[in-house]
Amino acid sequence: MSKHPPDQEHIDENMMKVEVNLDDTPGEWLGYVMDKLFDAGANDVYYTPIYMKKNRPAVQLQLLCSEDRFAEMKDIVLAETTTLGIRYYPISVYRMERQIREVDTKWGPVTVKEGLLRDRVVKAAPEYEHCKALAEQHHVPLKDVYHEVWKQLK
Amino acid sequence: MSKHPPDQEHIDENMMKVEVNLDDTPGEWLGYVMDKLFDAGANDVYYTPIYMKKNRPAVQLQLLCSEDRFAEMKDIVLAETTTLGIRYYPISVYRMERQIREVDTKWGPVTVKEGLLRDRVVKAAPEYEHCKALAEQHHVPLKDVYHEVWKQLK
Amino acid sequence: MSKHPPDQEHIDENMMKVEVNLDDTPGEWLGYVMDKLFDAGANDVYYTPIYMKKNRPAVQLQLLCSEDRFAEMKDIVLAETTTLGIRYYPISVYRMERQIREVDTKWGPVTVKEGLLRDRVVKAAPEYEHCKALAEQHHVPLKDVYHEVWKQLK
Amino acid sequence: MSKHPPDQEHIDENMMKVEVNLDDTPGEWLGYVMDKLFDAGANDVYYTPIYMKKNRPAVQLQLLCSEDRFAEMKDIVLAETTTLGIRYYPISVYRMERQIREVDTKWGPVTVKEGLLRDRVVKAAPEYEHCKALAEQHHVPLKDVYHEVWKQLK
Amino acid sequence: MSKHPPDQEHIDENMMKVEVNLDDTPGEWLGYVMDKLFDAGANDVYYTPIYMKKNRPAVQLQLLCSEDRFAEMKDIVLAETTTLGIRYYPISVYRMERQIREVDTKWGPVTVKEGLLRDRVVKAAPEYEHCKALAEQHHVPLKDVYHEVWKQLK
Amino acid sequence: MSKHPPDQEHIDENMMKVEVNLDDTPGEWLGYVMDKLFDAGANDVYYTPIYMKKNRPAVQLQLLCSEDRFAEMKDIVLAETTTLGIRYYPISVYRMERQIREVDTKWGPVTVKEGLLRDRVVKAAPEYEHCKALAEQHHVPLKDVYHEVWKQLK
């Protein structure tokens, strides 16, 4: 467990990157395994297209997790995919200082995650699920909700 | 069947492009189906990485064939992959005038396919299988064989 | 509207393929627009990675729809993405004869969509959402549910 | 030649899509040919990663041009790449109504291209080269220039 | 050299991941180099599409090998590709316990590699080359051979 | 700073690989940030297509730099993209012995960077910018300039 307040600038040193090459797992199962890995505490999960031997279009699953989650991640990957092995290496993760604020739009409030560098706000990410909910409720394009949030930001 | 001598500049008008999206076929099978399609007379077969619904990394099989081969191509795709449908549209194919010549290298002869534009040779493709055979026999890099062929060209 | 019983072998001739290149739409919005297009009746929607001018990694949205849905698709793409234009061309879609059956597994029933070629079942696709529901309820790998279904198929 | 004022909503019917698969052209040359094709009047040029036979990672060049530019495009592709053939098919292009306006930011003016759907502005694309020039002159992030422009938009 | 019986669950700690970015090697040569690297003892070799500077569509070669094979791998990459450098880092490889069994199908025997987790068989991979040989000999789809093998399991 | 003459065979041990996953940065900005990172001393910068959660087509920025440049790289990535974090790990870089020579072509001189392995020239890379300048000045295909250079070599 990290000793930093999670929203302060810090470096996570006990992180691992896991890579698995899959040339005999159908894509259908891979959408499912991504969700399972996130639910079990993965920090990130993503796929890269690769080309393997014998003309096989294939997929590389990559995931980022803390060392203490690795055993669980390994079990999910081994149970849900067709791989017989898993590769991994340590990786460091720098995280900006973050703060959360709420922005009011004409359709309702949206949470914004801000990133700070040397005490200055240098970026602001509107929470996707909030924007999506407003877009759906008010029948407006998602794009318009984002633009509305951006306009409210100082 | 084409009425042109195949090596003269011409346009094939009776060609078809076939596309199949595959999110539940393992990559292993796709290397196999590519060979089957070429053996059955496909002009080209290739794969593109795509992302489909429900977070599925997937593959699009594309193939080019003449109209009179389409029924056979369709049967192979339906038998060997998991798709329930096939999309296609007509496509025109312009082909340069071509001529074949032989080039001598210090390791042996290599066939070169030349492309002509308005009677001028504008490109020369050494035959891969010949270059590969020489590289293997003489234990030299494939790259060196290609460079040797290029040097012999005019 | 098609005049064929939709489960018989047939060719849809009034289909369109739509392509949109996007180098200034964030990926976040593209997950959203895919769902909107499916909800509005797209037959398929998928993304391809492309590289555009000025070193821009970008994405091509492709969608398949019937001609009579095109106006609606166009409106969604124009509202939800950043493009100023849309490209399209007609495409034919061959569809195999299909039949639905139910298969019993030790965890419960799963619907299977079968494809028939010249009256012979040549493929069988277990319904993903059913398999997923059983996997989640019974805490077994999704892969095991699929294998169980396949074993039940004669 | 189009008979519409180019900024009004219209459909270009005399457009062509060109596709070339390249497994023996180095990537270095492909950056160059993209620029040449744009300079010669291509409406769009982009690359897609593909996998071809014999385990070859390859690239598909796609370009969009008007029919009357096709001969020139063909000559450039044949001269600058290694292909011996070119595939193409007609494609329709719907274009939104557009208007240009200028927006003042604290760093200077930026041109914005707006797209209109049924007389309503539904999107606004700040001109990249203007934003880039301001970012470089004033030593501010490009992202900040875009956000500044967006905020000025009603 | 590993001190574990290779089929028992273990972790290989002396493995290396090698990465090479290639923007001036034709795809044709890359199919060849993949085979050479496998022949020389690479544990895995695969390609990823990347986009490099100056609008170059390019390819990243990645390979996995044991530390004591690295010198040989390096020599092949330097001889057969156009790179002037090679990047690498240590990587750990977890391998499941494996066992080999033979399965009888109506077309002949197929070897299956099984993976065990805590003494339970959790996956079974039919040997591709065996399935392919049966499919070709008996003129049946490869897919049918795999399904036949899966049905015989447990 | 390296203590080796930079053109001799050596291994750089103080290098870092940086990875950033981007699902909410438009492609337009990414072309820009690549140039900024090279200008600030990155050894390499490239993009890989990835697929992230919630059906997002996305991009991974990867960069290679020396440890003493890392702080600067981090600041550029944080300022110019939308990420809130950066992942990195140490990587070793083997570099071949290099030498520069000049080659005369009928259109003018071109610099060639040669790579040496055990005192033998095993590769020769014509300088792209020189070849491009000659191609443009003399209105000849870039491909012809490269071929002309290759013919002059040994």
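Order as written gives the chain letters A, B, C, D, E and F; numbering starts at 1 within each chain.
Definition applied: a residue touches a chain if its C-beta (ideal position, glycine included) is under 8 Å from a C-beta of that chain, and two chains touch if they have at least 3 such contacts.
Keep in mind that this is a model prediction, so the values were computed, not measured.
Any chain that touches chain A and also touches chain B is listed here: C, D, E, F.
A repeat of the A-B interface exists among C-D, A-D or D-E; more than half of the contact pairs are identical by residue number at D-E.
Look at the contact of chain D with chain F and you find the same residues on each copy: over half of the numbers used there are shared. Relative to the C-alpha centre of chain E, the farthest chain centre belongs to D.
A separation of 39 Å divides the Cα centre of chain C from that of chain F.
For this pair, chain C with chain E, the centres built from the Cα atoms lie 30 Å apart. Per-chain Cα centroids separate chain E from chain F by 28 Å. Touching two or more other chains at once are residues 24, 28, 34-35, 47-49, 51-55, 57-58, 79, 82, 89, 122-123, 128, 141, 143 of chain C. Taken as a contact graph, the chains are fully connected, with every chain touching every other chain. Only residues 15, 17, 34-35, 38, 44-49, 62, 64, 89-96, 98, 113, 115, 117, 122-123, 125, 128 of chain C touch chain B when the two sit together in their complex. Contacts from chain E toward chain F in the complex involve residues 19, 21, 24, 48-54, 58, 60, 74-75, 78-79, 82, 84-89. The residues of chain D lying in touch with chain A in their complex are 49, 51, 53-55, 57, 122-123, 141, 143, 147, 150-151, 153.
Across the interface of their complex, chain C is touched by residues 28-29, 32-33, 49, 79-82, 128, 132, 135, 141-143, 146 of chain A.
Listed in rising order, the residues of chain E touching chain D in the complex are 22-28, 30-31, 34-35, 47, 49, 52, 54-59, 82.
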